[in-house]
């Protein structure tokens, strides 16, 4: 998990999915549940940031076009 | 001989004529054909159309001609040599065909036509018409050289169309004389000049005109100029159905200048549309991707929260159950039971001891009573016996009779029981209850 | 007779009985009778004293108990 | 009789019983009876005292409990 | 009996039970009864103390939870 | 039990379960019952704390996300 | 120079087409998607510029014409 920031958006999503499944299976203990949740939330936040960054890049790319070409 | 041996089919007249009509219709070269001959038997009809026969030596073709909207027919008379241009049709009811001409070209044209045919054959032999020789016309023509007559209608149509549709396409206008003696030289020069310009294509345009007027576009200088052009050449000459050798060697040819302009404009419009469409799809695709990711992320993010909440809730429920069970087993009851038992035992202990003491007290009291009774009894018995004995003793008191008045007589210290033992005069002593008497015997009577 | 005072209450009573019997038999002369009777009386007096002493002791014993224990 | 105080409550009671029987049998003379009676009374007193002492001990034991534990 | 305090609550209670039975049977003499009674009372007092201590512990355990966790 | 704080929530819960079973069996004496109950209550308190902490961590993680990323 | 922009326009359009198809297939990850989009937008902008520069030229030409011919 130390190299999570380098993981792709998709890899992070997959890991969150895995965490959700583990939590739903109910087979993990309380502490582990909490840690998994925190990890999941951290990943979600990172994903959110990646999406935001992507959206910004997209907006910038689109915006530049709007500004320059029309 | 051979024909007689060949199998044959029988047709009705209608079938045959219909088949022939169909056959003719399928011949492209008959779609529009110019037939050169001498007019004879000219008839003028009220609505302005003409009927005549075209003759050449002993051959004859029946012809009907009329004016269309584009041009009027020239004045003709019997004996004129014309080229009638039009279409061949079968008349089933007469079993004959006719040329339906909408154009009549007057005398001398016959020579031009021969020249046309000659040139055409030569160019064809040179392979100038071969598609593989032709240059690729760029899809998008941004700068075009328009070679045309000064203030010609063709030029105006072309320019207007482009201005309207794709105003940004630059038109390099190269004006030239397009008809009259030696026009082909001017046109060729103009084409060479155009080819030298930085253009994407050259459009050779000319508005409508008669065959003769348009004839320079069949001539070799023009054809050669087109062939040698560095830049693709598009022709847009005269009326649509007419074809010139310039059209045949051009990389693309259009019936009218407007159509050439429309072609150029259309390429741009298509490109614009394609660009817009791609841009739109690009935006939509990325939007959908982002939306998909956002939704997936939201689903997973809330999912992880829900799952964690549920996991904790399950733990809390398990905890609650355990605690409830523990509280149910609070030793308070055990404690209370034990306290009651201890109190009961304590109370029994006290009671037992108290009872014991009471019993002992009672026992002691009983014994004390018995003792007292026994004491009283033996004391009483002793007293009774003492009383009885002393009473018996009292009854034996030898002096007791004295109390009843008796007296004890003694003489000489001896109690006198028999009178005879004494004589009168003997001293005697009489003891009374209280005191004694000294006396003498006076008489003795022994019968007592 | 010298040790009569040492004789018990019961012995004294028995002597009185004997005296009574002798007196009742009438075989002894007046003198003797009177002496016997006097002896009896003396014995009776001694017995009474013994009885009285015993009663007193009993009363005292009972009384002491009454006084001390109740 | 000298060691009577060391005798148990029950022994004393038994002795009283014996004394009562002897007295009731009437076979002992006045003097002896008187002495027996006195002995019996003394024993009864001693018994009374023993009972009293027991009661006191009990009261004290119970009382202490009352005072300390409740 | 010297190590009674180390004996369990249950052992003490059993001993009291035994004492009560002996007393109720009336087969021991007064002195012994008194001693048994005193022993029983002492044990009862010890039991009471143990109960009190247990009660306090339970109350504290239950109460502390109520106070801190709810 | 000295290392109970390091034990997991689940281990604690299991121990409570075990305690409940022992208490339900009714075979333990007062002292042991009290101690078991106290231990159970202590464990319950620790479990509650662990649950609370887990919930807080989750809330914090969830809340932080709400605050920062949306 | 004359046919370079044209070739580029068509090539660019073809590349945009390819990008659109990849994005529509949804088979590329977020980062790649973003990069493809940016590339597509850049290409579209360039295409647009080609159209625009032609427009400007003709506008200029028209202006010249207006100035000189009218």
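For reference, chains read A, B, C, D, E, F and G in written order, and residue numbers begin at 1 within each chain.
Keep in mind that, in the parts below, contacts are C-beta pairs under 8 Å (C-beta built on N, C-alpha and C of every residue); 3 or more make two chains touch, one makes a residue touch a chain.
It should be emphasised that the depicted structure is a prediction, and the values quoted were computed from it without experimental measurement.
Participant: With centres defined by CA atoms only, which chain is the most remote from chain F?
Facilitator: Following the centroid criterion, the farthest chain would be C.
Participant: Where centres are the averaged C-alpha coordinates, which chain has the largest centre distance to chain B?
Facilitator: The most remote chain is C.
Participant: Round to the nearest whole Å and give the separation of the Cα centres of chain E and chain F.
Facilitator: From the centre of chain E to the centre of chain F is 34 Å.
Participant: Calculate how many whole Å lie between the centre of chain B and the centre of chain E, each centre taken as the average of the chain's C-alpha atoms.
Facilitator: So the centroids are 74 Å from each other.
Participant: Averaged over CA atoms, how far is the centre of chain F from the centre of chain G? Could you give it in whole Å?
Facilitator: 67
Participant: Touching two or more other chains, which residues of chain C qualify?
Facilitator: 9, 51, 54, 58, 61-62, 65, in rising order.
Participant: Going by the contact rule already set, what residues in chain B reach two or more other chains?
Facilitator: Residues 286, 293, 301, 305, 308, 312, 315, 330-331, 335, 338, 346, 353, 360, 368, 375, 382 of chain B each touch two or more of the other chains.
Participant: So which chains actually touch one another? I want all the pairs, not just one.
Facilitator: Pairs of chains that touch one another: A-B, A-F, A-G, B-C, B-D, B-E, B-F, B-G, C-D, D-E, E-F.
Participant: Give the list of chain F residues in touch with chain B in this complex.
Facilitator: That would be residues 9, 13, 16-17, 19-20, 23-24, 26, 30, 33-34, 36-37, 40-41, 44, 47-48, 51, 54-55, 58, 62, 65 of chain F.
Participant: Can you tell me which positions in chain A touch chain F when the two form their complex?
Facilitator: By the definition above, chain A touches chain F via 29-31, 33-34, 37-38, 41-42, 44-45, 48-49, 52.
Participant: Contact residues on chain F for chain A in the complex?
Facilitator: Spelled out, the residues of chain F in touch with chain A are 8-10, 50-51, 53-54, 57-58, 61-62, 64-65, 68-70.
Participant: In their shared complex, at which residues does chain B touch chain E?
Facilitator: 327, 330-332, 335, 338-339, 341-342, 345-346, 348-349, 352-353, 356, 359-360
Participant: Give every residue of chain B touching chain D within the complex, in rising order.
Facilitator: 346, 350, 353-354, 357, 360-361, 363-364, 367-368, 370-371, 374-375, 377-378, 381-382
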